[in-house]
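Consider the two complexes below, in which subunit A is the common component and subunit B and subunit C are the respective partners.
So, the complex of A and B:
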């Protein structure tokens, strides 16, 4: 049997309280885990939706065609990235715990916050990669339809109107707001992933985590409507009880108002997203993601394995 | 100043609450023991005796209710205490989507290794545990014994000073089990401390210097192996080529001196050794063990 030789003692391995290399090791391993589960098959469905939506509305004007294409594609991106964020994150911690791989990882000099950040990082890498691939597919279909329409316009438009018609066509396809919309989709998915991570840090099963995450997502969407109803639908002179106010305050604070992320719909409608509004929304989203991750760490650091 | 103990457990108590009930389960109660550097320490006990909980507390996976544990003088509550530790859990599972080689690379990166150093270390350990030919196979297709071997390799990846092994030979065939035993002895020669939990008492007896026995969370017996298992009023001597006359003479001399010869018999080989012999898996030191031709004399 071969023998084990000690590592070269002249190259010391010192412990660092935070190591980007360890974080990257966990994140890339998580990404590999998810990729090898063949999650990218959903891209086929996305391609079908994107191409199909562009072909089914050929009798419309080109503005309407591009509007439908953007609506369907950005909508599909939002749904797929949300599904990926929730389903991928929900299984990570319970599976590691159930398979006891968590024991071998945390028995190495790996702080628990690094493990959690690495897992979340892997999901975010997956989301970024998925959105990049979907964006490339979407851009490809959009460019293809643009060229098709351009050929039609050039054949049917009098020369004096051609320049204006081409400009109108270009204004209906690629706009800077589309890029900001895709970034907003990523941000919303990142919030959902960190919220799911928080739930899975104290949950005992993946299914519980998924259910609670879906409920939280729904609450995030309907909470501004519900809040308005509660605050403004009461008869005149009848105030909201302090208990209800506290409850509404908690819901408003803990669950992000996902209606604020409807910048995507603006971009799909061809409207320009003002950059300050995008920056404000991004800051809010990042803040929520960070708070959720920190809370997840607080739960996970106390977890008995 | 003396070197700190490889493992120091002081008055450790661990109580688990039972969800939705008032009662609590005491897994470990007032446990104190020390494992000195270079020792192979056998932690024994029936199922549910608190062995795994003790190991988890030592590794910082579970926090103590009271008391403390240290690894080479560093509290187990601190992550840096695990710099020098390799751990093989019972029935280990690893990421099924990784190959054996990728598994070692992953754990190596967690320990701060990288580049050619990690690649070389990974190759060396795959050879050490006999998995070179399975290095590029997914761990999901490994047998139980192969999982145990890759588990041992990952425990060794950063060349730890302390190895914590929970049932390291579970599911391993006799030849592999003997190889792991040989490895443990090799680690001891290199000064690596081993905390070994096993139900295979024969194997523990072969390799351990010191034993602790847990029962219902309490340490009921502890000490050097020899002092625990030796029968103080008896002496054993093995003779080769002893003639019947010599044996009779020894018996007579013993009787004349007031001693009693309890048993004279041919020693038997073990089933393990016989198995290894017929399957050509005989280990290198088999020739140094007693053979059936030896006479075994027990005398008080």
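So, the complex of A and C:
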């Protein structure tokens, strides 16, 4: 009795509604397309910023030097990852539409949500890779400056104070909270990417997508400041008008509070980030990313192609 | 069409659903003292428009660093007024960065105060001393505000102890500050000794100071430093401690 193999064309292969292999194929192709656009040149700029900021402040105390180095490097990581997330995601759908790749993919038995997830996965891989490279560069510069300062301290500190001085130096450089801070940068960038994907799913041009994403990012950062001002800082006797209350409620409901995802300043200042806090922040961020991606799918599933 | 109706409804539903976790997270951050103070609208007058926008958009640390470098330039030019303004802005932007509070206090209480005392433009000594005291107070103010924002960090209590000891010569408050420093994690080992040394200089608290110094002495050789022996000898004389009850300080120390 002849037996059929899985590759036998006479045997119909049952189509699965979700396939990790298909998802991975789309994600890896998206990553490859983005890498081919020479996005990693920004790393040169990052290296310049990181090394430049560390050399610019050599006349400061070592605590101040490391504070500036960490602030600038982590700030640059935040900016670059956010820009990458917005710009890379905004062009995904328009580009695939323009060069007809989208039709080729969707003509095959690839569900639309799988296509969207794969595209977002590619951007997230790019973000992870970029942040890993920037973290490695940052760690290298930090280690280099630490060694330089260590040599200076060893040469200039009396033996009885040496241990305390070295301890103070170590406390100013590498702390576990730095790793958690970099993960929250990724998380924030992932939220921005999924939000951009949502906007892109109904937008008619990538410029519109980028502009709306940038505005949403700024609103997300400003809303806690505005809320605090209107609700707590107004002079006595000046009540908040119902219109302002409705406006604040609207903003709080529709926009993410990005300040909640800012753990970078704490880590750079040498404060410890408790792991439960990081876990709760991550869970919230994951919730945002999932909801935005699902909403993007809703729009994309109805889109006339 | 269905998606256009459904999406806002879902987004609204999620908006309501996320309010509880977000306020919980805010409370957790507040209880862990990790809730970064929001950027104050009043800061606008001290920042450029772009700087203010950058600070509002989550890049306040970078803006603070740039202003810190400007403050350093103001220090080099001995432009103390501008420096104070910049330091106020830096610490308002980064209230959780202890190095900025510490650096700001040091600049005011140690650098600007000396400059004020030696100001050649002011011939009257009384006015120069007055200006010097004002800069001490500005340094103290930075440290106290820094402590308010970072109650768990020993560095600022340590600096405050030094300020009270070296500038105000207020030994009681210096002792309290060093004692508070010693009680916090990662405090330098000298903080307890410094608290006791300062206490030994406070009139009326000699007996209390002697007991503290005695305790340190009995803890062993790690505390056996010349200042400890000097303060013990001083207090034993002052308190008229009987020779057979005095501590046996090793010969030649």
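In the analysis below, the second predicted complex is superposed on the first by the 272 of 305 C-alpha atoms of A that agree within 3 Å, B and C clash if a C-alpha of one lies under 4 Å from a C-alpha of the other, contacts with A are read in each partner's own complex, and residues count from 1 in each chain.
Quick note on the criterion: contacts are C-beta pairs under 8 Å (C-beta built on N, C-alpha and C of every residue); 3 or more make two chains touch, one makes a residue touch a chain.
Here the structure is a predicted model, which is why all the values come from computation and not from measurement.
Q: By residue count, is subunit A touched more by subunit B or by subunit C?
A: With both complexes superposed on chain A, more residues of subunit A are touched by C.
Q: Given the touch rule stated above, what does A:264 touch, subunit B (first), subunit C (second), both, or neither?
A: A:264: touches subunit C, not subunit B.
Q: Applying the touch criterion given at the start, work out whether A:218 contacts subunit B, subunit C, both or neither, answering first, second, both or neither.
A: In the superposed model, A:218 contacts subunit C only, not subunit B.
Q: A:71 contacts which: subunit B (first), subunit C (second), both, neither?
A: The second partner, subunit C, only.
Q: After the superposition on A, what does A:291 contact: first (subunit B), second (subunit C), both or neither?
A: Touch status of A:291: second partner only.
Q: Who does A:63 touch here: subunit B (first), subunit C (second), both, or neither?
A: The second partner, subunit C, only.
Q: So in the complex, the part of subunit A that touches subunit C is made up of which residues?
A: 53, 56-57, 59-61, 63-64, 67-68, 71-72, 74-75, 78-79, 164, 167, 171, 202, 217-218, 221-222, 224-225, 228-229, 233, 252-254, 257-260, 262-266, 268-271, 273-274, 276-277, 280-281, 283-284, 287-288, 291, 294-295, 298-299, 301-302
Q: Which residues of subunit A touch subunit B once you look at their complex with the stated criterion?
A: 1-8, 11, 13-17, 19, 21-22, 24-26, 29, 32-33, 36-37, 99-101, 103-111, 304-305
Q: Any idea which subunit B residues touch subunit A in the complex?
A: Interface residues on subunit B, with respect to subunit A: 16, 56, 59-63, 79-80, 82-83, 85, 87, 89, 91-95, 97-98, 106-107, 109-114, 117, 121, 124-125, 127-128, 130, 151, 154, 156, 158-159, 164, 179, 182-183, 186-187, 190.
Q: Taking the complex as given, what residues does subunit C use to touch subunit A?
A: 1-4, 6-7, 10-12, 14-16, 18-19, 21-22, 24-26, 28-29, 32, 34, 36, 38-41, 53, 56-62, 64-65, 68-69, 72, 94, 96-100, 102-103, 150, 186, 188-189
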